[in-house]
Every structure is written in C-alpha cells, then in structure tokens.
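Once you scroll down, you'll see the structures, which are given as structure tokens.
Both of the next two complexes hold chain A, though its partner changes from chain B to chain C.
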Partner chain A sequence: MADRRPSPSSSDDGGRVKRQKTSKSSSSKSTSDSVPALDPKQNPYLAHHYEDASDEGASDEDGAMVMLKHLKRHKTTAAQAEKIEIQAHNPWTMRKHSQRYFEILNKRRGLPVFHQRQEFLDLYHKSQILVFVGETGSGKTTQIPQYVLYDDLPQRKGQMVACTQPRRVAAMSVAQRVADELDVKLGEEVGYSIRFEDRTSEKTVLKYMTDGMLLREAMADNNLSRYSTLILDEAHERTMATDILMGLLKEVVERRPDLKIIVMSATLDAAKFQRYFNDAPLLAVPGRTHPVEIFYTPEPERDYVDAAIRTVIQIHGTEPEGDILLFMTGEEEIEDACKRIGLEADSIIGELDAGPLKVYPLYGGLPPQQQQMIFEPAPPPRRPGGKPGRKVIVSTNIAETSLTIDGIVYVVDPGFSKQKVYNPRIRVESLLVSPISRASAQQRAGRAGRTRPGKCFRLYTEAAFKKELIDQTHPEILRSNLATTVLQLKKLGVEDLVHFDLMDPPAPETLMRALEELNYLTCLDDEGELTDMGRLASEFPLDPTLSVMLICSPEFYCSSEILSIVALLSAPQIFSRPSSQRRKADEMKAYFTHAGGDHLTMLNAYHAFIAAQTEGEDMYKWCYEHFLNYRSLSQVVSVRSQLQRIMERQNIELVSTPFEDKQYWSNIQRALVSGFFMQVAKRDGSSNKTYKTVKDNQSVLLHPSTTLGQDSEWVIYNEFVLTSKNYIRTVTAIKPDWLLDHSPEYYDLDTIKDRDMKLSLQAVKDHMRRKEAMKRRA
Partner chain B sequence: MADEEDDYMTMAIAEPSKPVKETSIQRTARLKREAELRSRQKTKEERAAEAEAATQAALETELDTSNKGFKLLSKLGYKPGTALGKTPGARTQPIEVSKKENRGGIGLDTEKKRKFREEMEEQVKRVKQDVVSYRDRVRMEREEKRLEGQLIGAQKVAEQLDTADDETGLGLLAPGEKGHKKLAPLKSINVLWRGLVKYRLERENEKRMREAMLQRTSDLTSDLPTYDDSDEDADDRQALGKDEKPEADFVDDLDEEDTELDEFNALDPAEKVEKLVMYLRDKHLYCFWCKHQYADAEMDGCPGLTEDDHD
Partner chain C sequence: MGLAGPKKRTRISHDPNNNTWSRSTDRFGHKILTAQGWTPGSTLGVHNASHSSHYTSASASHIRVTIKDDNLGLGASTVTNAHTFGLDLFQGVLGRLNGKGEEELAQDLAKRRDALLRQVVTKKMGNLTFVSGGFLVGDRIEKIVVKSQENSKKRKRDNNEAEEEITDTRGSDEKSDNESGNELPRKESRKRNEREKKEKKTKKAKRKRESGKHKKRKTDRILTVTSTATSADESDEASPGDSKAAKRARKSEKKAQREAKKAEKERRRQESAKRKVSRKSDKDVEHSVESDSTATPTPPVLLGRNLVRRRFIQQKKLSSMDQQSLKEIFMIKAPT
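Up next, the complex of A and B:
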C-alpha cells in the first residue's frame, strides 16, 4: 500500500512500473482527496487545531468521549458522527488517534457508501428491518457496521453489533481492517468469532463472525439478546446458515422489537429479500463500476478449457493494456490452464512481439502467501518502449464476489463452476461442474469494470445465455444434506419444521432423509423430538454423524483416537500430492499407510506429526519432506483442542486402548461404525473393485487415493462422490456383524431390497446367533 | 425367526411348480453352466451401463411411505405432494443431478441434439424421396420395356407390309445365287424399321464370324496335313465349309455410318412407336392397336390414333 503513493513518472524501466501503479491509485485518490482537501477545518490531519470550535468545547482528552455520550441513540445524524470521527482522541479507547487512523479515514470518506450515510441512518431509524444493496467495493462491509455503531451505541446496554460473513477468512480480514479503521486493537472493541476461534473480549462492541457462528449462538440464546443490531452481509450468497438465520430472525424480531436487522446483498435481486421481510425498505448504493462490453461466441465451444486458453492468448496478443481474469472450475483445471497459458504465451511473445505475461492461479486451497501474489502488479515491458506486460489470474468463483482484484479489464467466462449438489434419493453430496446462473455471469462480467471500462468474453452463445442458464444460483439449502440443520433447528426451538418460513424451502424428501438419519443416530425419537443424544450432539459444531461417533467412542476405549479422526475429517486434506511429484508423494504416503483404510492412515500421519513436533523438529520442513500439508495439520491440532474442550465440558471421557493391545485398531474401526453405519458399502460379488452402497444399491468404486487393502468385503466411507464415475472416498474396512450389532433398526432385513445384500446380512445374522448360542452353552 | 426361514426357503426353491427331476450329471452340468454365467466378468461397458441405469432409476424414485423419515415428517404435519415452508410455489422435487463428463461448452449439448435431430429429419426425408423415385424408376423401366416391345412389333409389321407389296420395285429381297439372300444396301431400307434389319444382320454376322473362327481354330489345331484338292469346286468348298465369305460387302455396310438411323434411334421410344403407327396407318391403312388392316382411308371402326383410345 505504501508504495502506491504518487511519484513523478520517469522514462526508465522502474518508473514505468510505478507509473502504472500510480495511474490506478491516483484515480481513486482524486475522488477521496477532493472533499476534505478544500476546507482546512475538514482536514482530519489538522482536526485537532480546530477542536475549540466544537460545540462541546471540551478538552483534548475527553472531547470525543463527551460527544459520544451526548448522542441520542437512534436519533444521531451523519454530521455528528463525522465530527466525532475527526477528533484527536478515540472515543472508544480514549487514546490519541494515530497518524494512520487519519490516513485511513481520508480513504473511507471517498467510498461510495459514505455519501449516503445520512440516508442510511434515516432508514435505519425508521425501520426494524432494512435491506441494503451495494456492489462489492461500495464499502458496505466495513462502513455500515461502523455507521451503526455510532448510532446504535450498543455499549450503553451492554450489547453488541454483529456482522455476519459467509467465509471465515472474510470475517477475520474484515475485522482486522475495521479494527484499523477505528484505531483499536483487534480482539478488543472490534473482534471476530469463527468456528474454533473466538477473538472477542468484554470490551467488544462490534463483532464480525461467520453466519454459522451466529447460528450456533442462537442455539444457546434463542433471542440473541446480546445483540442490538444484526447485520447479515453477503446475503446474496445464500449460504445455508444465512438462510436459516433469516428464517429465524423473522421470528426473533416479533419477540424482540428492539432488535434491528440489516440484510446486505451485492446483487440487485433485492426485491426478493424485501418481499421475504414483509416489504422492508431498501437502500441501494451504486458501486464504482464502469461499463463492460460483452462478447459471445458465434457457436458453442467444443472444449471450454481450450477455448478459454485461446481467448486469453488472443486478448494478450491484440487488446490494449489491462489484466485478465479467467474463471475455471477447480484446482486441477486451474493449474493445467496456468501451465498451458504460460507455454502458449511464450510462443506468441516471440511471434507478435507481445508484452510479457504472468499467470497466477487462485483457489481456496492455495497457501495464503501464494494467494497474496495475485495482487502483485503486472510485469514491466521486456525492454524500454516495448509492449506493456500483463497478468492473468485463473480463478475459481472465489473471484466472482468475495475477492476484489484491481486492474482487471478483461474477463473470460466459460460459464461453469463447481457447485455442491445433494440428492436425498441416493444420498449423494458432491461437487459437480455445472453451468453458472445468469446472475453469476453478470457478476463475473462486472469484475472487468472495476478499474476502467472493460470487456467480458463469454465462451457461449447469446442464445445459450438466455435459454440454458438458470436465472439465479440455487441457494445452498437446496443443495445440501439437512441433518445438521434439522438438529440445529430443533435446538433453536423451531417446533414446526414443515412450515418454518425459509426463503427457498427445500424439497420435502431432503427433510425426510435428515429426519430419518437423525432418528437412526438416536438424536431424534420416533415422535421427532430431540433426545439426550441429540442435545449432546448439537453441542458440537460438527455433522451429527461425527458428533454421535465422538459421543459413542468412549464405549470402544478410543475416544482420543476418534477425536483425532474427527478433527482430521473436519480439516482440509492433509496429504499433499503435487502433480509434478506424484510418485514421490505416494512413496511418502505409503510410509503412513494402514491397510485397514484411510481413516487409520490419516491417524498414523497425525501421530507421526505429533511425535515429530514433540521431538522439536522444524515442522514446516518436516511436513514438506513428508508431503503433508502443514496448514491442514495445524488446523487439525487446533480443531482437536477445541473439540476436546467441548468434550470435557460435556463430561465425555478421553480414553485410549494401549497401542500394544491387539484390539487397538479394531476398537477404532468399531467406533467408526457407530457414526458411519449408514455410509456402508459391500463388495459386489462379480468384481474386486466395485462396491455397492447398502440400501441405495449404488455401484461405486474405491477412490484411487485409497490406502485400503483389497481384502475388505465391507467398508464404511466418508463421502460418496459423483464424477464421471461414482466413487467412495476415505474408506475403512469393517466387519458386518458390527453393523447389525450397532444399529439393528437400520439393518432390519425387511428394509433391505437388494437380494444379495439381504442374503449376506442374513448369513451374518445367523452366524452371530450361532456364536451367541455357543457362548451361552459354554 | 420362523418367518425369515420360510422366506429363505421360498427363495431357495427356484420353481416350486416344476418337479425337479435331473440326473446328477445334468445337475453338475447345470451348476457348472450357472457358475460360469455368474463368474463371467461383465465387460467394463456393461457394468458402467448397469450402474448408470441403477443410478438414474434411483434418482427418479421418490422416497415412499416405508421410509422412516416420511413417517416422521407426516407426524410433523406434512401432507404428501405439498411443499415445505410458507413461500408459495416452493419446490416439491429435489434438484436434478446432472454429471458433466466432457469439456463441451455451454449450449454444445443442445446444439448437438439440435443438429442430430435435423440430420434425422433430413434422413427421413431422403428415405421418403428414395421410395418415391424407386417406384418411378420401376414404372418407367416397365414402360420403356413395353414400348420397346411395341416398337419391335410395329417394325416387324411394317417390314412385313412393306416387303409384301414390293410393287415399288425397291427389290428389297432379291433371291441370291444358290438360294442365298442377297440384300439391298441397308440405307435403302425404310429408316423406321431399318434398325430391326440391321440388328438381325448384326446377329447373323456375329454368328457367322463365330463359326468361321471355330473353323479356323479347328484348322489350325489339326495336326493332320490338309487335303488340298485342285478339283475342288465352289460347291465342294461350301460343303466342306471352306467357303470364302462372300458377305464381306454387307459387313462393311453394317459398319458404315448411318446418321439417319442414329437420329431415329435417338428419339423417345414413345415417339418412335408413334411414328411407326402413323406410317402404318398412312401407308398400309393398318392400325397397329386394332391389329387390323382396313380397306379404305376412312379406317372405319378404329377408335383413334393412340393406344389409350383402344382401351
């Protein structure tokens, strides 16, 4: 940021780089500078010289405090707040404002949303629920909560303002940014709360949190009485938690007339939100956008990846200066595209005398320092006077809404993204490459107009855009397993699940499956009421399958190991397998491999990690050498300790079978069954590799990454993945009698339709009975 | 337990109605056959297709009342066929699962389907056209053959009638020496039936040439010294088949260019027939369709000039 200050451009190479930067920053600066610079009294840098002129005539130390104290709750004006903001002292901490504070304040006052501060306050005063629409970059996420803070004054009633975010990273980074803007320490007046991490204190008046965390808090406090105002940000993303929260808040506002709700969305489908919230008033703030010219292909593309690469190269060869953003569906595709663009660019640079091209990948699983690289400026020309360089960012749909990259002028949109789907009929929850919605396509195109007028190349025909794409992306609630949600709703005190007012109610069958699953997990009784097990399970921020397994694990003398496994399953993949070193990575993995299955292999790797840590190894290096993901494993450790605390609170014992005991592994496998008994597959008689899922009778293959030995007839699996083939991923061998033992209700043979499966289970049952009889006789 | 055992039994017996009467050898053979059938590895494609079909079938099957979740939801006040929530028009069916198995761009599948459909339509059209033209062709062929027959018939009548009243002194058929037909030059024959004569001559010529060839080859192959008799006269020669071909002249005649005949032959068969019919009527008062030679130019009793008139 510091190097973005204007500097005189010079003709040498370095100057050229800078000039490019400058031209960007100066344009945004000019707008922000223009207002305060006119009147010295308005200049925040000099504000303290004019303190005497303030109405209060207070001393330097407590001027701001007094002014804040004199504000009338829900009757303040923008001018009042702006005046307090330019005081020398911080009204929240009583400390003197830093120089940086005023620098940031200056920038804040250039944001589009600033010009509507008063308008916002007027509506906020008038209405309990408000819908706010502002494009990304309008400043709504950072500014609106602060505007609310200066009017709602939650500290007076010992309450807080909360602002929800769909993503953990956003909650953390926005909280840090706003703490800087308010000149306070993160974790004090401004904090954040995400799953497995709470950075708030008693001083906290503004809290950024994931929508999931707010939902969890609602489970403990159904009226959310700690909060004076709740802001649901990025509501257009329609995450599961936001949807549930909206349904819940519709009920809470009836009980709590003092609670104010602001629903913020980036897209203009605001009418739907307004209607849903009983015709709530709407405030729209224009984003800072430029027109974007849209191009379609004349014919459908045979291969969208080829077409995308071709388009990027064409842009680089023929279009004027400006960076390119290409949307792809997933990690593998992105890495592949990056490589190919790099190669093809080299050849046209020679042919066409094009400028240098730098390609950056961007996806969720990328290490943060590599993610930061996308903000690096485009490369300089090869030689003085040569064609300017350009950067290409190949990204998943993270770059669609949640992340803003300056300098993008060209967007290439093949029209696909990976989307989660859930089908209750075959109980599959999977990420599938699917066409995006028209709303998404518009959002993507908009990314080209952030800096200056841009171009968007859609790799499909205009007719396809109109006919083939759906209007809006299906909200997550329609694409997910609802077991966790139903358990939460039960805990939230929602009695009537059938008529719970959701913005987009899911298909009834999805709810049926969730109820069924919770019933077999003994979280709900036959009347649909929460059981003790259900109440206990809802204490864990986990899928009910995992919570129930954790709760049952002391019975099998391995709760410590199951806790590790649950933590491992809750974190991203720990094994890394870079495409360039696959064989080496596999060799290293073999070092941890347990033929019993992937859960056990993961546990081995985790134990090795802990052992190396206690031996004082350089863990980053150790992980690198062993092809393990250090970040994931650190997360596993932290998740594990969070869960351990909950277990302790709920008096769940932490026990282990001695490692030398020959039941060590089988105890773990048995404990796995107590959670995963509904995710079971049996080897299909006719083939070694194919398995069939119990009850749904779907043919599945073991995922190629599995470490399972071939001799396992029955397996439990963590995921049923739908790709070109159907896979089960993360599998571990089990014995079928454990299934019948653990849940005779689920394995009631009358409910099993497949003949082979039924016969096998019958045989197991008979065998168990004989064994039982023999035992009795003995 | 008893229930389950009963159930087990019924499943074990294949066909309770059919008395099981097989010898041990038959039984072994059957078991072996069955085992082979069972153990036969299905091909990859077969298995994939089966799995895909099973997935599709399962995706299209709604959870029914036997499902525990269904019972639980009903207890909570759910009525089958309705949607959840309070929003009107909410969904009752889960979102469809569609797997993308290639890198085709958006709209490609639809485009492919459209093209395929168009192609199929095109093909259907072509097939229809083919049917029509086949019928036409057959009819035309038949018609042509019929006309050909009529033409030859008419030509024969014309030849007969023309040669019968040879008072014109054309002397078409002159008795040749020793009974051998001496033909008038081909071009002097009426063009209408000259083709017929030419055809006949050509056939005769060919036959003779073949005979001559046979003769010559038998001469050559004969090892025996040929008997050369100086007393041999023409008659002897002919009797011995050693006759020099005196017909060489009209073989040349056949090869001669005949534009008049070519022109006539180039005509439409129907036209040729019509010309002949008209010639016969004008010249011989003969109606080809009535197969009757009339007495006067009135040709009283003939219904008309064309075949259709004679139906």
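Up next, the complex of A and C:
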C-alpha cells in the first residue's frame, strides 16, 4: 500500500477493494462490524490480549479499513471512530498495531477531551468555524486533529488536515507524538512542515506546521485548496502569523464552504474569538490541573531580582518537596540569578543538611542540549533518608506557555517580562522590560499545578496585580513593525488594508509607517501596488530593508559579502563579552575590528571563522579563544546557505569584488546604504558624540560597543536601542552623497525639516552637481 | 534617591515624539489610508465589526511603555520610602529537642533540621512574606477554597504585622461569606477558625505550632518549679513561647476566664511571643526588667538613677528595633 492517497479521481477504492477480495473469509470482519460494545475484544484495555486471536482467525486486517471506508464523511460518531481505533490493524497503514499503540490508546482515553468527543463531532458537523477552548493538559493539540481525521477523511478528496503551531519545536514534537499515537511513521501519514524543513509525503493526511508556513502556502494558493480542515492551535498566543491567518481564513471560508476551521485556544478571552468568528459555537473542555495557591507580598519589593532569589532559597529551606520555576526577564538576568542561587544554596548545603539544589537556566538562545537538561529529574537526597533534592528552573517567559515541565510545584513570579514594542513615530522596535498582563500572571501561576496542588509566589502586592497590570498581553501585531506584514498581505492579495478584518487592528500610524517604508524601498509604487521589487522581496523571510539590500547588492559587486552581513544581522550577537573577562574579550574583538564600522567588523569575524573552519580547526575551541559565540556563528552559516538558495532560485547573482581592490570596503558600504538609507544619523552640529537621526530628528549616542574608529559625520545604524539613553547600535560610516545618489526621493530636501541637516545636504548636493559638471566638461 | 542618586544625564531631542511626522497629512501612508476610506481618528478594521468592543487602546495608537532600567519590583516606586530594617530576619526560631522514643527522636531531629535550615535561610537571605490571594482554579482565582487550610498556610510564613492584617481581613471575609447573616463578632469567628485549625492536624504549620505549645508548657512547668529563670537561661531556650510575662498573663487569665476562650488567648499570646522572637536581641533585657516587677525572690537591686537609666536604655533599644518608632525617630512619613 504505497500510496493510499492517489489523485482524487481514482479515489481510494481500487487498492482496497482488491485487498478485500484476498481475505474474503473474514468472518471477523462481520463480527467486528456488528459485535456489541460489550464484547471484551472491543475493550480497549484488553485489546492487546486478543490481538493474536484475531490474527489467527481470518485476520481482520481489512476490518478497520472497511470500517473506515464505510464511514460517512461528516456523519460519523465518536463510537464508530473508537471502534476502529481498537481494531488490531491500523486503518491508515494496514499494518498490525504495535503493543505500544494500545498502551498509548489507553492513556489517550483518559484525557479530558476524550469524554467530549461526540459533543465535539456534533458541533464540528454543524458549523464551519468552531472555537475550541481547552486548558493545557486537556489533550487538545494531539487529540482534536485525530478526531477530525476520523470524521473528515481528507484522503478521499486528496486533501489534508493541517494543524498550526506558533513554534517550530512544538510542531515537530507534537507531530512525532501524534505519529506514535496513530502508530504510523513520522513523515508518512502524519508529517510536519516548518521553515526550511518539510517532512511530509504524498501519503500525508495530517500535517503539523508553523503558522508562518501556512501563511507562506496561502501566498501561493490563496484558497488553501489542499486542506479540508484547518486547525489553528494556540490561537491565544496571538502571534502575528496566526492573527493574519485568522483574518485571511474569515475571507476564505466564504469562498470555500467545504473548508472547516477550528480555532483552539487556552481558556483566555474565548468570547473574543467567538465574537470575531461571527458567534461561532464554542466547546470548552476542562483541563487537568490542580489548584494553585497564590501568595502576594504584603508590600512592593524594592529589588525584584533579589526578592526572587530570596524566595527561591526560602522555598528550598521551608517548603516540602517539589521543583521551582522562576520567571526572569532576560538572558543576563537569568544567568546572574542562577549563579546567585547556586552560591546561596551551596552555602546552606555546606552548613546544614539541606537537600541538594540544581539550578538550570532556560531561554531561547540556549543550546538545545542545555535546554533538554531542564527535563532531568530533581537531584536525589545526598544520603539515603536525607532531605530530598530539588531543581530550580530560571526561565524567560518561554516556560509560560510553550514548554511544559512536569514536577513544578512552586512558581515565583516577579511580574516582568521582556516584550517587544514598536513606536512608529520614531521607528524604534525594541525589547523592553515591562509588567506582564494579568492573563499572563495567571498562566504563570497555572504552571505550578501541573502535577499536584502547587503554590505561586508573586513578588508584588494584590493591589498591584489588580491595578498595575493590563488585562491581556497585547498581540504581536500591535507591538511590531508592520513592513513585513504589509508586504505579505499585499502578496496574499489583500488590497484594502484599512478594512482587512483583523481581530485587533494595528494603530493607523503603524500601518502608515510601514507603507511609507515600503514605498521608499520601492516595494510599493505610489498607488500602493506591489512592485516587482516588492514581489521579489517577499520571497525572502527577512525584513524588507534587508531583502532590498540583498536584491540591490549585485549592483555594487558585493552580493556575497552583503549576504553574509544579512545572515549576521539575522542571527544573535556573535561577539561574546563575559562579565569576568571583559578586557580580554575587547582585546580579541580589536583583532577583527574594521575602523569603517560594526557591519564590517562582523564581516571580518565571519571571514576569520570560515577561514579557520576550512583549516580544520576545532571550531568550538577557536570560538572560545576568540570570544565569539559558536552557536550564533553556526546559525549564521546555516541562514546564509538558506538565503543563498533563495537567491539562486530568484536568479540573483552572487558576486564579490576582489579583496585587493581599493573599492572592496566602500562597495560594501554603498550596498549597505541601499537598504539602510532610512536608518541614518548625522553628527549633531558642534557636539562630538551626539548624533541626530535623519528625518525623525532623535538625539542618539553611538553604542559603547561600537568599533567605529574613524571620525564620521554620517553613519547608518541597524538598531535604535531605547534605554535611559538612546543609543544606535551596529553602526557603519557612510558618505552623504551615496544617500542622495541612492534614494533622492527619501532625501528630497523639501521634506527635511531640520535646518542644519538640510544645509549640509544642500552642500553635498551642490558639490555633487559641480563634480558632475566637471566630469561632463572633461 | 533624590540628590544623592547617580546623576542621569539625558539629552531630550527637540521633538521626542516626532509630532512633525504624525501631524503631517501629505505623507504617502496617510494618502493611501485615506484613499482606502480611513478617516483620521478612527481605528482600522471592518466597519462596525462585531468584535470591535474588544479593541484595546493599542488599536488606536501605538503602545506606550516606560523604560525600566532598575530592579524595582512591581508596584514599588522610588519615592515612597519603604523600610527594610531586617526585622523579619529573626523569625521561626524553634524549640530544642527533648527526645523520647526512637521514632519521636527521629521526628524531632527532622523537625529541628528543618527549623534550623529555615532559620539559617532566613538569616542569610532575609525572610520574604507572602499574603495568600486564593487558589487558581482554571484561570480564575477563587478566594474561598478550603478556608482553614488557607488560613493555616497563611499563618505559617507571615510575620506578625502581616498576620494581624490577615486576621482582620480574614474576619471580614468570613463575615461577608456568611450569607446567612451570621454576623459573628470577630473574636468568635477567630475562635472558630482556631477550632477548625485544630481539627486539621495534618497541616504542617499546625504541627509546628503544636510542638511549640508543647515545649511552652514544658518550660512553663520548669519555670513554676524554679520560679527564677535567669535571663541567660531563657535566651538559650530556643522555644518561641516561653516568656514570663506570657506565663503570668496566662495564669491569671486561666483563673479568670472560661475554658472556651482559652484557645483564643493562647493564640494571642503566641502572637505576642512571636513578636518577641522577632526582637530577639532585646529579649533578655525585657526579661530582666520583667523580673523586676515580678515577685521573684532575688530581683537585681536597681535603685533611683540606675533604674531610670536602665529604663531609658531599654526604651531606646526597644524603639530602635521597632519599625514604627524608628520611623518616628527618623521622621519618615509612613507610606500608608
């Protein structure tokens, strides 16, 4: 049975009918069809006992298949599907079910969603859009798609059921789990598709994918005709892609009445989802969580980091067994807290018979094997009968929803997280530490009740919880620069951006800013229509600034270098500067420094890395010695190769100026201007240090980490960093005539209000004109 | 921090909010949006969308945040002068071991280990107190799930002030919860709490408290026998409950009051005892003074000037340990 999902016309009959004939003596077939539910053979708990017996008989290998075939699409009942599930043979693969399958099946039938399978099917049959609410632990992510599978039978029409996840890791791990549950091989009947990795085949009937992937598919096929049912999971997380997908699907369902949508969310703001989908029916399934007792501090804390560490130690000293989850804001804070908790715990253990304490950090930038360590069990007592050990996980808010760690009984919540915000007026997108929302605080607390009743210690007062926190975390679409999104929407065929039906429409100014940026980048023409450049730029999974720079780079004979720089800018910081060895790290960085600016310095480091790699050095050691981040650099290498593939597909040539050429560096700088011409700062008059951003006129300082060595009046920057001082980070020197040369529209002197800036640009312009005239005369 | 704090010099640009940009109407973005039927001041999205009541202010204008570059906790402000005099460092001192059976001995050992650990942790890190805010059931907080449990848990880690606060709120909670108009006076509701708690012997806090009581009684007995316990002796006693004043008070109360009210008294006494524990260092002073006033056979002879002086010193010491008085001395305005 190589292909059970042939083209829709031939349908699935051919293969199956034949098989039916070969095993005609199947008395078991009829039994399995008509036997009452009380037959012990039907009992899922005993199913494995009868496996052999049924095999000896006439093999009901087709029983399951036939039953599946007899199902009427969108008319099935839970009982029918359950009956098929306990057959000895797998209806999807025709293979015999493994022992493990029945073990898992038993567990699956204990999940809260299982009890509402019929209820779910009834609602699913009745309406096109269904909102499904289930707390974590209800089993919705793994079970609902399977329930749909047994009812929707997408293979009959050569279609698929897709379930989106906000995160790649989730898509991969859930697909693996569901493949095990259905007793099929991952990548065959059940597959996943994430950016740069597609593990599906023509057999695939259930596909887990990231929401971004589905959005990309929607760009190619606006009706998403490959899918019979779409399940948007974790919709409460409100990622940008999920939000856009929801808006899009609201339109698609009108064009495609056969398409069914299930929006799955954790309990939060379900009413809003219902409302948004024209009062779609709602099905709620309780989770399997234990009560969590909440504690507040009686007074606000002076120092939340200190208070958090004290709380952890206090829990370790006073509370019974159970692991601790501490939420912190960022990598640095987490590492610091881990160190301090470790020290404090060691001193107690040294003095007294305290249980051992293991501290694990957890944040996005952590290597995967280190991330895996959080799942290790808590350390055992130091001697038999001693106080049991405990593990502490210090995490960013990724442990809030995305990762589930069993054994957590205590949660310490300082009430902060790093959140992205975008200010369209000064065009700054930054990650800032800000108070979490009430919904988020509840979510954090809920993490303590996964295995048994837990406790949550909130390092703020109850009054602060009620007054200072907002109700819901703002969805990503309200917190980001929309340039990429607008480009995507245009590609998706959304013409009317103003009336696009989003669950939370972004601020008008944010949309305006995005349109203007795209217009200056020539991705949109003056009527707001997508240009060829825009179409090309939307092929790259990058910020339009970077895509445009990459597309323009062959003009400057340095597309290879720009490709490296783009990859470097898309990866996390490559230079490491541990607090204990700052001076040494700076010395090493000086080794790569290019006086022209940080982009060039990064490129130097990258080239050195590649050179060392080709020489066959131990790269991990080499990076350690040179204070470079090995993980970031390997990521750079992989991103670069992925982008290179897209470039090849789009016929963008990969060229580079010979290194000996005088123009080598200046070409790169010019190419940088082609993308970053809207992120330019000019030195502010007399002052030596302060710069002023062009057009937005914000006073900024060069970030202390800059390697910019030469005195430069004009610079481009990659990032505007908001702290108590405004910094521009990753800076490279440029010449003003390049600006006027590349984007005369943006540098239209009439639109520049700042007098000083206008005068100097005017001077540059005059100079250029004179030069031009000279050239012409010569 | 005021003037003493580190100086932060920032240059504020001429137009930090870039109003020039946001006010101009001849921009490309503005043009496109108005061309598509947007009017300034309105939000984006479908006209009269059914879910528009769920829109937040962030749909009208970008999210504004303040930059946070300190470790100040949520709700704390730089201006209010909250205290940390470390009063809560001295909490949870438990009685010492008097082993009996093999099992009890082991139990006591474990208990003592826990207590010691707790104490050291407390000393090392300072004690953080928490106020219970109910249980998270689903995604709602439910206040009144298993009240007695909540109470006993609350009790465990609260310092005396917080505890008083809680008992107040608890009392009122109780009242409001009793829909049947059962307007018990606070005392009685407390009493009932007490009884409930007694029933819940499985709770760890309870166990701890009982062990404290146990020891207290014992020490009381010792005290009645010797009737003169030197202050040094007492400070050695790690038990929280033993103070002569308390003993005296209880004695007289025992006579005067009915059996039913005893539990309530004990609780109060314990509170006061706890308070005393928190002022561990002035404890011996206190005791010696108290021994002045009690009819012990050999009171230290203190006359006239010495007595006055001693009282003065003691008062000073006391006040320096008491947060409220400290605030008065330093003329700090209490934040409440």
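Note that the second predicted complex is superposed on the first by the 648 of 778 C-alpha atoms of A that agree within 3 Å, B and C clash if a C-alpha of one lies under 4 Å from a C-alpha of the other, contacts with A are read in each partner's own complex, and residues count from 1 in each chain.
By definition in this document, a residue touches a chain if its C-beta (ideal position, glycine included) is under 8 Å from a C-beta of that chain, and two chains touch if they have at least 3 such contacts.
Since the structure is predicted, the reported quantities are computational estimates derived from the model, not experimental observations.
Model built by superposing both complexes on chain A: chain B and chain C clash.
Looking at the shared chain after the overlay, A:Ala354 reaches chain C, while chain B stays out of its contact range.
Of the two partner chains placed by the overlay, only chain C lies in contact with A:Glu293; chain B stays clear of it.
Once the two complexes are overlaid on the shared chain, A:Glu344 sits against chain C while remaining clear of chain B.
Once the two complexes are overlaid on the shared chain, A:His316 sits against chain C while remaining clear of chain B. Of the two partner chains, chain C is the only one that A:Glu135 touches; chain B does not reach it. Of the two partner chains placed around the shared chain by superposition, chain B is the only one that A:Gln762 touches, whereas chain C remains out of contact.
Within the superposed three-chain model, A:Asn278 lies in touch with chain C and out of touch with chain B [touch as defined at top]. Looking at the shared chain after the overlay, A:Pro506 reaches both chain B and chain C.
Touched residues of chain A, counted separately for chain B and chain C, are more numerous for C.
In the superposed pair of complexes, A:Gly449 makes contact with chain C only, with no contact to chain B.
The superposed model puts chain B in the path of chain C at one of 8-16, 206-214, 260-268 or 314-322, which is 8-16. For the contact definition in use here, the residues of chain A common to its chain B contact set and its chain C contact set are 276, 297, 299-307, 414-416, 421-426, 432-435, 459-461, 463-465, 468-469, 474, 478-479, 496-516, 519, 526, 528, 690, 696-699, 722-726. Here chain A touches chain C in the complex through residues 135, 266-269, 272, 275-276, 278-279, 286-287, 289, 291-307, 309-311, 313-314, 316-318, 320, 344, 347-348, 351-354, 387, 414-416, 419, 421-426, 432-435, 439, 442-443, 445-446, 449, 456-465, 468-469, 472, 474, 478-479, 496-516, 519, 526, 528, 690, 692, 695-699, 722-726, 753, going by the rule given at the top.
Chain contact summary for the complex, chain C toward chain A: residues 8, 10-22, 27-30, 32-33, 35-38, 40, 42-47, 49-51, 53-56, 58-63, 65-69, 71-77, 82, 84, 92, 113-114, 116-118, 120-122, 124-142, 145, 150, 153, 157, 161-162, 165, 204. Partner chain A is touched in their complex by these residues of chain B: 4, 8, 11, 38-39, 41-42, 47-48, 50-51, 54-55, 58-63, 66-70, 72-73, 75-78, 82-87, 90-95, 97-108, 110-111.
In the complex of the two chains, the chain A residues touching chain B come out as 276, 297, 299-307, 414-416, 421-426, 428, 432-435, 459-461, 463-465, 467-469, 474, 478-479, 496-517, 519-520, 524, 526-528, 685-687, 690, 696-699, 722-726, 749, 751, 755, 762.
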